[in-house]
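First comes the structure, then the notes that go with it.
Every chain is named by a letter (A, B, C and D) in the order it is written, and numbering of its residues begins at 1.
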Amino acid sequence: MNGRRDVGVTAASALRVRAWGAARAWGAAGTPSILLLLALPVLPALGGRYAQGVLTDLGQLVLAALGLSFLKGRAGVLCLGQSGFLAVGAYAYALCAGCGVPPLLAAAIAVAASGAVALAISPAVVKNPTDGAALATLALVVVVQSLVTGLRGVTGGASGMRNVPPLLAVPGAAAFLPWAAVVAGMLFLRWFSATATGRAIRAGRDDPRAAARCGVNVRAGRRLALVICAMFGGLAGAMTGASFGFISPDMFDIALAIALLVMVVGGGEGVLAGPLLGAAFIYFLPDIVRASRDFQTLLNGALLLLVTQYCPGGMAGMLSAAARRVLGRRTRSAPEKGGWSP
Amino acid sequence: MKRWIAVVIVLVLLAVLATGCPKKAAAPSGEPVKVGLLVCETGAFSSYGLDNLNGALMFAEDCNAAGGVGGRPLELVVYNTESTPARAVAGARKLIADDKVVALVGLGMVSEASAAAPLVAGGPVTFVTCAAYQPENSMMFGAGVFVPLHHACICRWLAARGVTQFALLTTNDATGEVAEAGLRRNAGQSGLELSIVERMNPADVDASAQVARIAAAKPGALVVWVVGKPLGVALRAIKTAGLDVPVFTSHGNRSLEFLRSLAAIEPAEFYMPCPVDAVWESLPTAHPARAMNAGFSARYVKKFSKIPGAGSTDAYDALALLCQAFAAVGTDSAKVVAYLEAVKGYQGLAGTYDFSAENHRGLGPDDIMIARVRAGVLTPAD
Amino acid sequence: MAGLLTSAALGGLLAGSVFALVGLGVLLSATAIRTVNLAVGEFYVLGGLMFFSLVAAAGVPPLLAAPLAVAAGAGCGLLVERCAIRPVRLQPPGTIVLVTTAAAWMLRGTAQLAWGRDPVAPPALAGGQWAQAALVIGWAIAATVALEAWLSRSHPGRALRATADDPRAAAGAGVDTTGAARLAFALTGALLASSAVIAGPVTFLSYDGGVGLLLRGIGAALIGGMRRPLLVYLGGVAIGLVESMSAALWSSLYKDAVTFCLLLVVLCFWRGGDEP
Amino acid sequence: MVAVTRLCAEGLVRRFPGTVAVAGVDIALQAGQALGLVGPNGAGKTTLLDLLSGAGRPDAGRVLLAGRDITGLAPHLRARLGVARTVQRPAWFPGLTVLENVLLGAPRRPAPGRDGQVRRDQVRRALDELERVGLRGLASRPGGEASTAARKRGELARVAFMDPTVVLLDEPSAGHDQESLLVLVAAVRRWLAAGAAVLVVDHDRDLVNALCPTVLLMRDGRIVGPAPAGGAVGEGGGGE
């Protein structure tokens, strides 16, 4: 009797430990950061019109980057075409909402549409998570842009669609909603990473062959991760359209896809705080070095090179390393790099 | 080794930061008049955006040398739109809320202007340098000759030459869409038929298939409405196919050194509709635009070591008009709009501006003419 | 109709040859980094621009400038290998792809600073449109055959393939994998620079022209399974022909959608280079 | 005791360019029986294990699991049907905690029951297995912190957690220290007692002999018969 109770207690504590393990892996430092997260959606109410605009843009970028971070950092799939999913979401939302579908339902349809497109291209992505995935997602961007430009009668063509209805006709909603979605998304990803499926996806990234020997369907995991990533992208796209009131194919080009990937890697892939730091950095970079325009491309390249060469954990990894040094004790270890076996 | 690379990269970054000094030319004293500049300095439209920027910098220099705006210095606050609507909107928001500018100049792409339009509906006055975009609210003005007027000019010219049907080869982006719509409408009005429209991607390296389809339709003329590299690709395909008809192209190509290097594949009859500033050297000596452009061009070449491009005169004129309004009625948006709407017969670099409450674009069909291109050099066609 | 098809086929073959050359560059550098190199488009552009400057600005005769540009291209490849690739060679492929992106941006930024934003038309090595086209098509075939033979017959070629398969095993077998990577990148740079010298007057060059070529080049390389130059060549030509034919027979508005949809379908059923 | 065949292979052939790695192998693994397989390098032992576990597809022949044809089945599906396989490098995931590494072997469709209860049961079982291999104290540490020997033992814990019916061990002795070897032997005994079939491929002949009453010799892609007792198998015997 005594022994049984003992085992029960330890099993429960192990569950807690497991949850903590997942939280550690996602870089959320427990209660304080969750409180901070909950405070984020309130921020837009405090700022003026300009701050609200910045928060709107940034929230949408973080949301799109969050999905990408999960795909890249947790499932190890290289996606160079997140902007394609944004475009699908934005156009699905604009078309549905334009036809009189209630905006929130239209946003749900946009998310589903992005997920469906991801499912459709997933056979090309899951087989080869690096080269194949990179090309397939790049091809998706080209196809979406070409179709949107071609189907002028439906999408307004290259000149774009005007008067996209807002998601909620409440002042400040445009700035609030992406952050609410970011918080919900972070909590979801944190929970999902700790489930058996999330575990299987992470194992598939570390070593696909070994994971298969353990009974993990690596390709199914990658497919699911791609669909989740696309749904985050679709929602971000719908919100982009709703907040601008205007969409055009050149808003969702390959440059945006690469920029999102740089946010993820620069911020620290697979870490919850990574997309936040990365997106903020890339977003404010032109303001910081705005005088050196001729050098912008060169500068972006140099920064990306520095990050990939010197802090593979990204800015989040750099910050936690600095914190470790300052505190002088082992707090959380930097996020593991994907164990790549040649 | 790793450390060595890091040192080099950091040095490069520092050099970059050091060279990019802010462009402020504030000779006259007093509270500066801040005008925001939103130009595509990088990305697909950077060639045009750079012309915009250079023209604006040129004006700021001229203006401040001449005592500024009513004694106050003119200050330009420049943001790069990276040829993307999202950045254009972010830049416009920052200029309005943070830098508190009294006017905006720029937005060289249709999608940039469309995306930023709702933001500036309540002011400040915005001069869009995109010639293909029709200002959609009362605070917006357009620089340059509205692109459909270019198309009208082409159609009139073709009709006068007895051509009945013609073809269009253009890019599959907003430029191409505006071109197709403009040419279709104007062709109908001039009794012409636009018999075939073909598209190419700006990144394409070959257009043989499109040109072969055009050749099969036996058009009386061909409009190649593309800007930059695709023009070379298209002209090469036309030359290879042996298609011998008059070819028209966009004035967006006019300043390119590139045009000169295409001499070997230039069609026998090669035309371009363009505003007066493109052919100022051929204008009669008495023409007021000639002297203005001669001075501008000389100073421009000296400052930037290249001849002024399509976007430079537009940005210069836009700023000149705005500063004249500021000097006259102050910086209140409503007053500036009212002032500008009353401007008649203002001689700018790109033509004679006549604004009204309905016409926020100033330049009209009279400010455009067909120029013939020979070995990359433009002369009036008739 | 026959005339239309002939023109479209020739144009497709010409464009496809350029894509194949870029694809061969992707294949060559993949032997060193085991993934796609997103900087090959920039190698092409830089090589062509250097040739242009040597002839147009420095007045070097074209036949002397061409080898100089090729050497500069090889140097460019070596520089990228040394400063960007080698420090991260043992990182996962995702990181390496990003490093090549960074390299591509730095090269593009340099091209933009040095040559400006306007496109250029480099001097042609052969007079006449047909001669130029023949030169490009011939060069693509020659480069394919030469690479195919070199990779399978020569000792350094075998070393490259061994490194591509398994760098650790290759090192264990006495292959200088660092040297192999250096060789692969120098060859990539040289191949793309020479391609730009030959095809530049046809494709024209601008600092940002690398991206469009890159997409189709990667497509060619992946269709070819990233191993056999011959298959890469066929992949490149297939992409060029599909694009040209869909423009000729259906619609030039949807040709990109058609090409890349087909590419997606091929990728979905493609078995080369599978991982579990 | 009636012999129950867990896994059997008939006429397996696997060709590689220029060589035949497996040239017609018939093998049957009985419940509760440990079978050893030895042979020189290049004899095709690992390729045979690949064919049995699904890492490779045979050019001819078939693989039957409890009478069911699984020749074309993907490795992860075979693993879920109870075919566990280890290779020299342990299947270990640095990004997962030690406990999560074991839980990875949990069945996809868990036994019916209240969700939370099922999960708690799984965790308790996983902790028990970790206890057996002496890693209980590391359960919540990141997998990346475990030593090579600990990873090998953790892998054994997972295999046990998977309740395998067939265990294919490829070079199980590599990377183990002396203490871990005892853990390995105990684990194999336990699986056998639970009715699993075990196939051991190893260069350490003492270990194979200790575990397996029957040891077969493989050479040039064929099973040539029982291995000579105690004799070390020469490297020059064939193959490459």
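Here is the rule we go by: contacts are C-beta pairs under 8 Å (C-beta built on N, C-alpha and C of every residue); 3 or more make two chains touch, one makes a residue touch a chain.
If you're wondering where the values come from, they're calculated on a predicted model, not measured in any experiment.
More contacting C-beta pairs link the chains of A-C than the other of the two pairs A-C and A-D. When chain centres are defined as mean Cα coordinates, B lies farthest from subunit D. Averaging Cα coordinates per chain places subunit A and subunit C 31 Å apart. Centre-to-centre separation of subunit A and subunit D, using mean CA positions: 38 Å.
Per-chain CA centroids place subunit C at a distance of 45 Å from subunit D. One finds 37 Å separating the Cα centroids of subunit A and subunit B.
Among the residues of subunit A, those in touch with two or more other chains are 146, 149-150, 209, 212, 218, 294-299, 302, 305, 309, 338.
Residue numbers of subunit C whose C-beta contacts span two or more other chains: 87, 112, 211, 251, 253, 255-256, 276. The set of subunit D residues touching two or more other chains comprises 75. Within the complex formed with subunit B, the residues of subunit C that make contact are 3-4, 7-8, 10-12, 14-15, 18, 83, 87, 112, 117-121, 124, 129-130, 133, 199, 202-206, 208-209, 211-213, 240, 244-245, 247-248, 251-253, 255-256. For subunit B in complex with subunit A, the residues that touch the partner chain are 2, 5-6, 9, 12-13, 16-17, 19-23, 41-44, 78-80, 82-87, 89-90, 93-94, 96-98, 109-111, 114-115, 117-118, 172-178. Those residues of subunit B that touch subunit C in the shared complex are 1-2, 5, 42-44, 46-47, 50, 172, 198-213, 216, 228-229, 232-233, 236-237, 239-241, 256-258, 261-262, 264-265. The part of subunit D that touches subunit A in the complex is made up of residues 53-55, 74-77, 79-80, 84-87, 89-97, 99-101, 103-108, 119-120, 123-124, 127, 139-140, 142, 144, 158, 162. Contacts from subunit A toward subunit B in the complex involve residues 48-50, 53-54, 57, 146, 149-150, 152, 157-160, 162, 240, 244-246, 248, 250-251, 253, 255-256, 283, 286-287, 289-299, 302-303, 305-306, 309-310.
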